[in-house]
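Chain IDs A, B and C follow the sequence of writing; residue 1 opens each chain.
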Amino acid sequence: MATITRSTITNVLAKQGILIAFVLFIIGFGLANSRFLAVDNVLGVIRSSAILGVIALGVTFVVISGNLDLSVGSMMSFSTIVVLDLHDKLGPLMAIPAMFALTMCLGAFIGFLVGYLKLNSLIVTLGMLSAIHGLTLTWSGGKNMDIADKQGTWFGIFGRGDVLGIPVPILFFALLAIVLSILLARTPFGRKVYAVGGNGTAATFSGIPRARIVFLSYVISSFCVACAGLLQASRSLGSQNTVGQGLELEVLAAVILGGASLLGGAGTVFKTVIGVLILGFIQNGLLLVGLAFYVQYVVTWVIIILAVWLDIAAKRGRFLSPIA
Amino acid sequence: MQSEQTVRFLKKGAIWAFIVLELVFFSVAGHFLSLSEGAFMDLDNMLLLLKQSAPIGIIALGMTVIMINGNIDLSVGAIFAFSAVILLDSMTWAVFAGLGDWVIPVSWGLALLTGTILGAINGLIVWKTGVDAFIVTLGAMLGYRGLVFMYNGEQPTSELNWTLVDFAEAQFLGLHTATWFLLGCTLVLWLLMTRTVHGRNAYAIGDNREAAVNAGIRVGPHMMKNFMLIGFLSALSAVVFYSESGSVNPNDGSLYELWAITAVVLGGTKLAGGSGSVISTLGGVIAIQLLRKGLGYIGSDTETVNLVIGLILIAVLYLDRQLNRKGKEELRI
Amino acid sequence: MTEGTPALRLSGIVKTFPGVRALDDVSFDVMPGEVHALLGENGAGKSTLMKVLAGIHQPNEGDIFIEEQKVVMRSPLDAKAKGVVLIHQELSLAEELSAAENIYLGELPTKSFGRVDWATLHEKSGAILERLKCSFGPRTIVGDLSIANMQMVEIARALTVDAKAVIFDEPTASLTDAEKVVLFDIIRDLKARGVGIVYISHRMDEIFTISDRISVLRDGSYRGTLMTAVTNEEEVTKLMIGRSLDLTRNVQPAEMGDVAIAVQGLSCGKMFQDISFEVRTGEVLGFYGLVGAGRTEIAETLFGLRTPSAGQILIDGEVVKINSPMDAIRMGISLVPESRKEQGLVLGMNCKDNMTLPQVGDLTAGPFVSDGAEIAIFDQYRDKLAIKTPGWREKVGNLSGGNQQKIVIGKWLSMRPRVLIVDEPTRGIDVGSKSEIHALIRDLAKQGYAVIVISSEMPEVLQVSDRIVAMFHGRLMRIFSSQEVTEDSLVQAISGLNTDRVA
């Protein structure tokens, strides 16, 4: 009986551990600092997590399908620079769809390489990280990109506006999370993404077009990156070429923290949102108790490794690895 | 059998052929475009190129060992920065005030020790928890970077020791100090990987981990040693680089992991492990640096280098796949 | 020869895995200088016994003795140190390393500073390779060797220690006839040196050539030992299959309809050549042959996973091109694959999702997957196939092998195919589920499906098939009807003997 209870506890911990940790964390900081759970603080946290979050939603698809995407950071720099540049050249109404089209072409290219040519996603997206960075620098000539007339454009509403007191980036993030969550959890496509990542061979033997599913997951990822680029550009109305640098690994950290397995086949959009919020609230909570922003890096390190370790430990039934 | 040897030979020679191609291309193109004065293959130019290859190169050598072993290390950039901070900061510590220039070897030692310890932490986690090295070092990349910031806030850490600068800028037999370190590391690691039991076991583990375990090789401690090695080399890279520059920003070394991995893959080391060579990695490092310089030489924007390297990396991957295909009768899964 | 001290002796070995009793009170011994063959069908427990012998698995009960000293073998390395060496069927070599390094993997001789002592290494391994009459030297990179030569390296590993017993697991699976002769010389040489040899194989002719005694396992338990000199294939087969030679075979005359699928001169590179057959609705066509005979590859070609290099496939008399599993499914072909865990199921998914996977795109309400439609299908086939599961939410990885297999079969039956291909339908499944699945296959034929069954188990093929295709080395040797087939003729056909009787 005792063993059953213990294994049940391990099981619950393994499945919902991250959610429990999140709740405990919120309660802890809420008690430590009353500002922490104030509405404006919470909105502020979510708002500043929105860009990371939007990208993480897309990367969730890629990771569940069993691949990696290290190119999202430099791809976001690309879309930010492109939309800012085109804003002044074509006007915002044309610039936005043009930027989406270009960004999604990049995603489709990666999807083609990984899905149809079956190249290793780590190396392909590593190469694309570099290549897209080069593309961005070539596009901008290496200079910062600014909108000339910052006062006279409506372009700022995506990053700066709010609706009924809620900042637009939050609405954007929430809306995208709901739509993608439904896509992943409720549609045949979503089911196929899980099948391809869970066991690609079995998926093929079940008549699922594996290459196409992988391709589409990268297209979705690039769509999310384009959304994030739009939010970033709209918030700052001007940008450096390196605005998204390093984001790819933070995004991956959020997705893994949410419980998606790098082997594929596991994870949900909701859990990724939790992962993103944890990162955001850690950062905020640490700032509120007077610690510098970089302390969150160390905390994130510990949390990621603990989260993945506990997950593995629950599956193998022992804490330490059996490797001699 | 004959064709397999041919393929093997082609693969080993490919990176050097590529370097020759680059040299010829940039010399010829530079000549016709006549944008720059002086030949591309100028001796000073080439010596400088080797020197500039050193920081990434030394790390890439360690990454080769890690990848042959079947792992990956994303935290090298952060280890690089943290070791640099320790190097420069420790020279100002009051305890060492009486040492004069003897503080240099002490600081070097401390920096190298720091790198080795950070690597050992990664290795220990990989060994004991069984969490994949990709995730462990991804976390460490953030965590160690956090430590760098916590050490000195967002301020740069600076300490210029002129004796050290003189040493770093010295040339011996025409080669810069940094180049000597790069070549020395290459030689030592080449000996390690080709001549010692540890090196041979690294190949065996990367190629067929289960067979290695069955043969009684202790895989856990073995991998930990390799993580300590790459930690040490990242620190050595920092020592070589910052002895000269004397100032480290907390963000220094970002993306070094990606450059190092790129060089290793260009050099033909398999991502899955079991195959690769440190000499080819040296080729990969030089090829990248050559591309950087060459593109500048023929007058294209230096930005283009990122684009070109990224596409070359993908092309290499594609070619490798085509070479390894079994033909039309392969199962399509 | 059976007197004296056994080199290696097992007594009363029991090995259980969750839900399976893989070995049940097995005793076995091998004398010095003896070749003791171990026979049994797939799943009979040979490989488990072998792993217990080599220290990979620890037995739950029973003892192991080396020269009558009781020992515990904690690992393969430990076993090797004690003088018991296993030569794997699947190669476990590091391909970038030289033959010498592979032979002494884990035990490389060293000099100071951890350097490899190449001189000693090459000398010692060179001597071993010479003893094996290998054509390559110790410095050769293993990746450059042919499969047969890699096997030689694997064998050479066993000779680095003073082995008391060497276990060969299907050593000839990838060898040519000439290489086999060399292998047998090596075995005779070991024998002469007083080493006890355990020889595991499917191939009757080899066993009669090389062995002194033959022991048979069936369903995880020991069924007896025969002296090779005084027994014959008939007796061994009887012991192995567990029935007298007039096996239950399918006697129901099938009510055959039209030709559902026909294959003409189909080839795929070196996999198989010039295969022609047809299957009618209401008929079960069995494919029998050794592992590697090309049966699975034919199934994969029909299912659009391989591109044929020649020949054509006809469905309802029309030539069709099948370029992908999607095409195959559209044409009414379904494949229950050979490896349930690798090819059949997504183990992390629940039962329902696995069962509806190929048609999830059609089970929709608007743009969404319809849970109701999915559950209806799941319930229908759970009842029809008597699948035992706590509910559709259960992860498929938690079910027993038999129930997992039924999920895969249900998955394809629910697609209502015309042609159902079943590859090794009962591999790794308990006896009860086995007969259920056999009955099911007969029943499906009766309902008008055209069924192709691929199996390595003779009783299975005999029990379910109306006609049996015998394959050998990628070629179709003969098609038997269930009335005319005998074990003898079948075994001969799949061993490549009596080629004059090719149909």
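To be clear about the criterion, a contact is a pair of C-beta atoms (placed from the backbone, for glycine too) under 8 Å apart; a residue touches a chain by one contact, two chains touch by 3 or more.
Model, not experiment: these values are computed from the prediction.
Participant: What chains, if any, are shared contacts of chain B and chain C?
Facilitator: Both chain B and chain C are touched by A, going by the contact rule given at the top.
Participant: Can you name the chain that lies farthest from chain A, using the mean of each chain's Cα atoms as its centre?
Facilitator: Checked the centroid distances; the maximum from chain A is C.
Participant: Nearest whole angstrom, what separates the Cα centre of chain A from the Cα centre of chain C?
Facilitator: Chain A and chain C have C-alpha centres separated by 44 Å.
Participant: Express in whole angstrom the distance between the two chain centres, defined as the mean CA positions of chain A and chain B.
Facilitator: The mean C-alpha positions of chain A and chain B differ by 29 Å.
Participant: Spell out, as numbers or ranges, the residues of chain C touching 2 or more other chains.
Facilitator: If we look for residues of chain C contacting two or more partner chains, we find 305, 324.
Participant: Quick check on chain A: which residues sit in contact with 2+ other chains?
Facilitator: Residue numbers touching two or more other chains: 201, 204-205.
Participant: Touching at least two other chains at once: which residues of chain B meet that condition?
Facilitator: 332-333
Participant: What does chain C use to touch chain B in their complex?
Facilitator: 56, 75-77, 92-97, 101, 105-108, 110, 113-116, 141, 143-146, 268-271, 300, 304-307, 309, 324
Participant: So in the complex, which bits of chain B are touching chain C?
Facilitator: Result: residues 1, 4-5, 8, 195-198, 200-201, 203-204, 207-208, 210-212, 214-217, 274-275, 327-333 of chain B touch chain C.
Participant: What part of chain C is in contact with chain A in the complex they form?
Facilitator: Of all residues in chain C, those touching chain A are 303, 305, 324-326, 328-329, 335, 337, 342-349, 353, 357-358, 360-361, 363-364, 367-369, 411.
Participant: Residues of chain B touching chain A in their complex?
Facilitator: Spelled out, the residues of chain B in touch with chain A are 74, 125, 127-132, 134-136, 138-147, 149-150, 153-154, 213, 218-220, 250, 254-255, 258, 261-262, 265, 271, 301, 303-314, 317-318, 321, 332-333.
Participant: Per the contact definition, I'd like the list of chain A residues that touch chain C in the complex.
Facilitator: The touching residues are 182, 186-188, 191-192, 194-195, 198-199, 201-209, 265-266.
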